Amino acid sequence: MKPAKFDYYAPSSLDEALDKLAELGYDGKVLAGGQSLVAAMNFRMARPTALVDLNNVPELSYIKPTEDGGLAIGTMTRVFTVENNAEVAKRFPLLVEVAKYIAHPQIRRRGTFGGAIAHADPAGQLPSIAVLMNMKALIRRKGEERWVDGQDLIIGPFMTVIEPDEMLAELVLNAWPARTGYKYVQVSRQSGGYAQSAVASIVTLDENDKCKDVRMVLMSVGEVPILSQKAGEILIGNTPTREVIAEVAEVVTSEEIDPATDLHATADYRRSITRVLAVRSLTEAFERAK
Amino acid sequence: MKVEGDHLFKAPREVVFEMFNDPDALGAAVPGMQKMVKIDESHYEAVLGIRVGPVSANFSGTLALTDVVPPESVTLIVEGKGGAGFVKGVGYVKFEDLGDQTTLLKYTGEANIGGTLASVGQRMIDSVAKSMFKTVFEKLDKILEERWQKS
Amino acid sequence: MTTGKYFGKSVLRLEDKNMLTGNVKYMDDIEIPGQLHAAFLRSDYAHARILKIDVSEALKRPGVVAIYTAEDFGDFWKPGPLLVPPPTAIDGSQFNARTLVPIAKDKIRYSGEVLAVVIAESRYIAEDAFDDIIIDVDPLPAVVDLEKAWEDTSVLVHDDLPSNMAALVKQEVGSYEEAKKKADVVVSRRMLIEHVAGAAMENRGFIASWDDQNQVMTIWANTQSPLTIRGSVARALNLAESQVHVITPFIGGGFGPKVMTSLSDDVLLPWISLKLKRPIKWMEDRRENFLATTSERDQVHHCEIVLKKDGTILGFKDVFYHNTGAYDSYGMTVPLNTQTHTISNYRVPNFYSEIRMVFTNQMVVTPVRGAGRSEGVFAMERMLDFAAKELGISPVEIRLKNLLKAEELPLNTGVIGQDFVVNILDSGDYLGNYQKCLAEIDYDKFRKEIQPKARAEGKRMGIGMVAFTEGTAVGPYEGCKITVSTSGKVTMATGYSTQGQAHYTVFAQIIADQLNVKIEDVRVVTGDTNLFAWGAGTFASRGAALVGAAAYLAAQKVRAKIFSTASKKLEVPEEEIELCEGSVCVKGQPETSIPLGMLASLANPMRGVVEPGVEPGLEATAYYGPPHGSTGSGAMGVIVSIDEETNKPTIERMVMVDDCGTVINPLVVEGQLQGGISMGIGNTLYERLVYDENGQLLTASFMDYLMPLATDMPEKLEIIHNHAESSLKVNPLGIKGVGEAGAIPPGPAIVQAIEDAFGVAGFEILETNLSPSQIYEYLKKAAK
Amino acid sequence: MSEKLFPITVTVNGEEYHREVEARLLLSDFLRHDLGLLGTHVGCEHGICGACTIIFDGEPIRSCLIFAVQANGHDIRTVESLGTPENLHPLQQSFHEKHALQCGFCTPGFLMTLVPYLEEHPNPSREEIREAIDGNICRCTGYEKIVEAVQDAAEKLSQKK
């Protein structure tokens, strides 16, 4: 288990990195934290021709407040940094809650926020959260930049709209309105292991304790994170009673997800726990919104 | 690994069937297909570069179309191998004429995947395969649209 | 001798300080100047005929020195030895020996089998060369399912055999069929024991270095069997055993699989080193370890138990399929262990057991910690649970009724075991262990208070209570040599190799007490064939018992020699001499003291005359071989709670009562048990090697093969020693062995507790590996 | 692809090393085979077992999931930076006293995970310790005694302060 050869570039600025990616085109691959990529390279499942290492580009690592009360997170910010950032904890405590589930501490120290999202692992927590929060993704290419909504970023398992000569540069998290609650729950066989199913919700209540807005994402039960449409249809404008939440869970798990049977869980089991997790996630999120 | 599914084409059965027997169309529909050459009436040689997230694997192999019953059914046998392992698959494809210029394609099959892909890539295989099927059908839809409208 | 200054005490390990500071060498830490690296190109196919292997392109790659396929080895290529022959004592047993080949020739029989050996300047380059090797095969259907493979002769792992039968062994005690006629109740079930890996944290490795000037082959291997390797290399290369020197470095865990030899590395690499006259190093990687290092369990049991209405066992029948993999070089050790352990706890007057050992297109099966014992115990314990349900009595009651009492031992069970002799349960208080465990976990309180309260609060909690035995300390023998050097330091050398079992400390404890020296002055050397060249290997929980006994016997011999030498020197009778720490003197006259080092010099005179029969030096060698193995025993209680909605179990509390005989070092024994328990928990709730219907191993990484982690361990774990003094001392020190005990009972205990937690009619767990998803599927079945 | 060698300067355990490395050389291999620092062990090379954990710029990471060339200009600490056999680090001493190691292969990874952990969490609970070591696999001990050792070390270290 030793990686195959590759060409290696370690630009020290963003411009230099973009130049290199443009030059390499299809052959180039960004090396961020490398916590998934290098493992795949060691197995020789991944054999990139050339790596553009972003670890020497300090300008890609930051957590900055935005004007409207949100945060902008540079792609190379380590997950551990995000997890332990006071501003993140204050504005988006969901991220702190989620981070504990991402692999193990040593992986989070090195793994990056943007790298995990761009990896788009169907069992990855951060890609799902990017969809859930509809983070605005800044995608850069030499001389160009574009913004993509988080919910449009992922197009397949391990696949995003980011082209080989592009990179995910920044993620902007919009501030949550008042009376917003959240909850991430997952079932995995062991701590730090891949989720068999996970559900995260962000809900907002109006002044009458009726559901004003709800976003719910289901993870590891399809090829990509699934952003529930039904949750909104059923909940918005209604009081989130136990019965309504149970109905959402029922509808979502029977109509919106497509879990697979694998070595660790059957599709049926996944469906059954997703229903449970949906209830737990929504119930706690509404509780927190109060 | 068992595969099963269906897809609705908006074209008459003969057209869909013809497309399925056209290496250019098939080659164009499979993501990462780098080369597809006809060896004889029913055999093709292919080179495929799969690139999914961190995984990049090159396969070379053959595609055979057997038991061809125009325009009703065809059996596809795919064999490929590369550094990351091998894939051997049999797919039984049926074309149902639903009238109304539409055709329902139904497929069942079995794939035998071996080597590194099978032994350490288990977690990704299923979802990646599903998504590849999706892509193939989407591309075929496009090809069909062009052909069907042109002709 | 049950206590001494050191013996019986929790002495801190002598080896720790160097290990903790990175100051010891493991396999991959050995670097020989001029070494080349080997990498094995392994088959992607599980079953196929080899048509062509073309390495010509790969040889052109810079840094590649040589590549070998089976053809290149010429006459040297042959199937390996039968490492463990089948017992001849069992009438009518059939065994088809098809031993492991070092590299596939003509036919591939499991995925991971070696097709070519690449020798290159670095491992990186060797792996690069794989890309250039062209392999053409004709794939065959794979033999995977044990029961199907037994019947079906259409696909054969070995074409020259009429079926996939590797062995058929029937053992009967009493008459099961007669017992069945008298029975009130008959209960039968089919159960699966999952396939698991040893998964030591250090992978395997091997270095062969031929010294052409001295005509010596030096080998470094992290093996449990250095002496086996020395013998087989000498035989294969037509060398004297004195020309082969095997050294075991520090070893990062064994757990069984490192006992296997005559694999590609230890057969091919010495030959290549001889040929290239360069040291060749191979270090296995994790994927190879899963694919090609031996593993275990994987049995299908068809059990039947017959009882009286009151729960008394009348008979037990077990026909079980055992997967041996593609070859059966390691004989029948594992299934024989299963046969002996199925009934060893209980009074079973009539017993029928049938091994159906099957060849499959999978890696070879050899012992893994627990080694067949876990399977037998699981089968019996589960059947008792099902029988209890059928009879409407509690699982505890049925066990209390049938467990053997201390006074019933020794007992000849009539079943022949892995050591080829009839299994004798030497001593122990099986019933007492169980009762102690019941009391310790407070079974009644759990039933009467804790469980009902939990249920009332909507929580699912359950309890499991099982018993087990651990066959230990089998022969043939082990030995050691103890030498007092002129510095006064004492060296003990044994052929036994060590993988973390604290041998450096526990053997030193025995010797230091016998010779009255400081424990720090005793240096234990293990697994260096130039220092001690006799012994069988590290397996079957036998180190402390066999090597320990040999150390005791050798130390007594040295002690006698110290007394006789000193008696002459001090000119007093031996009775008047005593050992002080590190020296010897006339009793009550410390001024006469002679340091042991000086005495050692005196025992090796440079001039003068030595009396006939006197051997020089303060040195002695001793061997110990027991007439039959010992049997450790114990009980385990487990309390689990289960998340009702996700079915995830949490082990709240685990109590283990264990009798492993005399304890040399309580701290070390506790460590062994805790480690074994974690493996037992892993085997039950997390670990599983999965082969698909084409013989592909789907779990060749820690992503899919789930190792137990710290948070998977019981919230509370208690271990109680319950040593029953016995009249039958198999071992001079009363040591039985403890290496595998912990791994045996967690399976049946945990599944019993999980069933109990649900208390759902028809909910029955029929396998060892139990994910929450499996529990869900079982519940679904029960609901139907 | 190029055979290019990259010159790197790495500080390991306070000592500066200058070497030339191939881009694909894993940091674990570099430390072990190029620098001869054998205390860092390799157990899985896919980032799960934790045996190769080292401290990189003060943070515990897996040395099998990073290339040596990426360590250029960085500061690394390996198990060799802790105590010596004659003078163990308090955590090592606790591991010794509590019998928290058997084969010892995984131990350096545990130590390098735990040294920075105890600096950040001087008084961890049993449960927190178990969570902190979940990224390290030990096949021998069943973790029980490792948890005890960490509790013991935390006490020792806090008394020292």
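Per-chain residue numbering starts at 1, and chain names A, B, C and D are given in the order in which the chains are listed.
One rule holds in what follows: contacts are C-beta pairs under 8 Å (C-beta built on N, C-alpha and C of every residue); 3 or more make two chains touch, one makes a residue touch a chain.
Quick caveat, the model's predicted, so the values are computed rather than measured.
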Inset, instruction - Tell me, please, which chain's centre (mean of its C-alpha atoms) is farthest from the centre of chain C? - result: B
Inset, instruction - Based on C-beta pairs in contact, work out which chain pair has the most and send it over. - result: C-D
Inset, instruction - Indicate the whole-number Å distance between the mean C-alpha point of chain C and the mean C-alpha point of chain D. - result: 29
Legend entry - Cα-centroid distance, chain A relative to chain B, in whole angstrom: 31
Legend entry - Length of the line joining the C-alpha centres of chain B and chain C, rounded to whole Å: 48
Inset, instruction - At least two other chains touched by the same residue of chain D: list those residues. - result: 22, 24, 45-46, 131, 134
Inset, instruction - List, in ascending order, every residue of chain A touching at least 2 other chains. - result: 1-5, 41, 43-44, 190-192, 194, 263
Inset, instruction - Provide the list of chain C residues touching at least two other chains, using ranges where the numbers run on. - result: 124, 131, 285-287, 698-699, 701, 703-704, 709, 711
Legend entry - Residues on chain A engaged by chain D in the complex (per definition of touch): 1-8, 10, 34-35, 38-39, 41-43, 49-51, 53, 55, 80, 103-107, 109-110, 190-192
Legend entry - Interfacial residue positions of chain C with respect to chain B in the complex: 44-46, 111, 130-131, 139, 287, 290-291, 692, 694, 696-701, 703-704
Legend entry - In the complex with chain A, residue positions of chain D that touch it: 1-4, 6, 22-24, 26, 29, 45-47, 50, 53, 56, 59-62, 64-67, 69-70, 72, 113, 117, 131-132, 134-135
Legend entry - Parts of chain C lying in touch with chain D, wherever the complex brings them together: 12-13, 15-26, 28-29, 31, 124, 199-203, 250-255, 285-286, 499-502, 667-668, 670-671, 674-679, 701-703, 707, 709-711, 713, 717, 742
Legend entry - For the chain B and chain C complex, residues of the former touching the latter: 1, 81, 83, 85-86, 88, 112-116, 118-120, 122-123
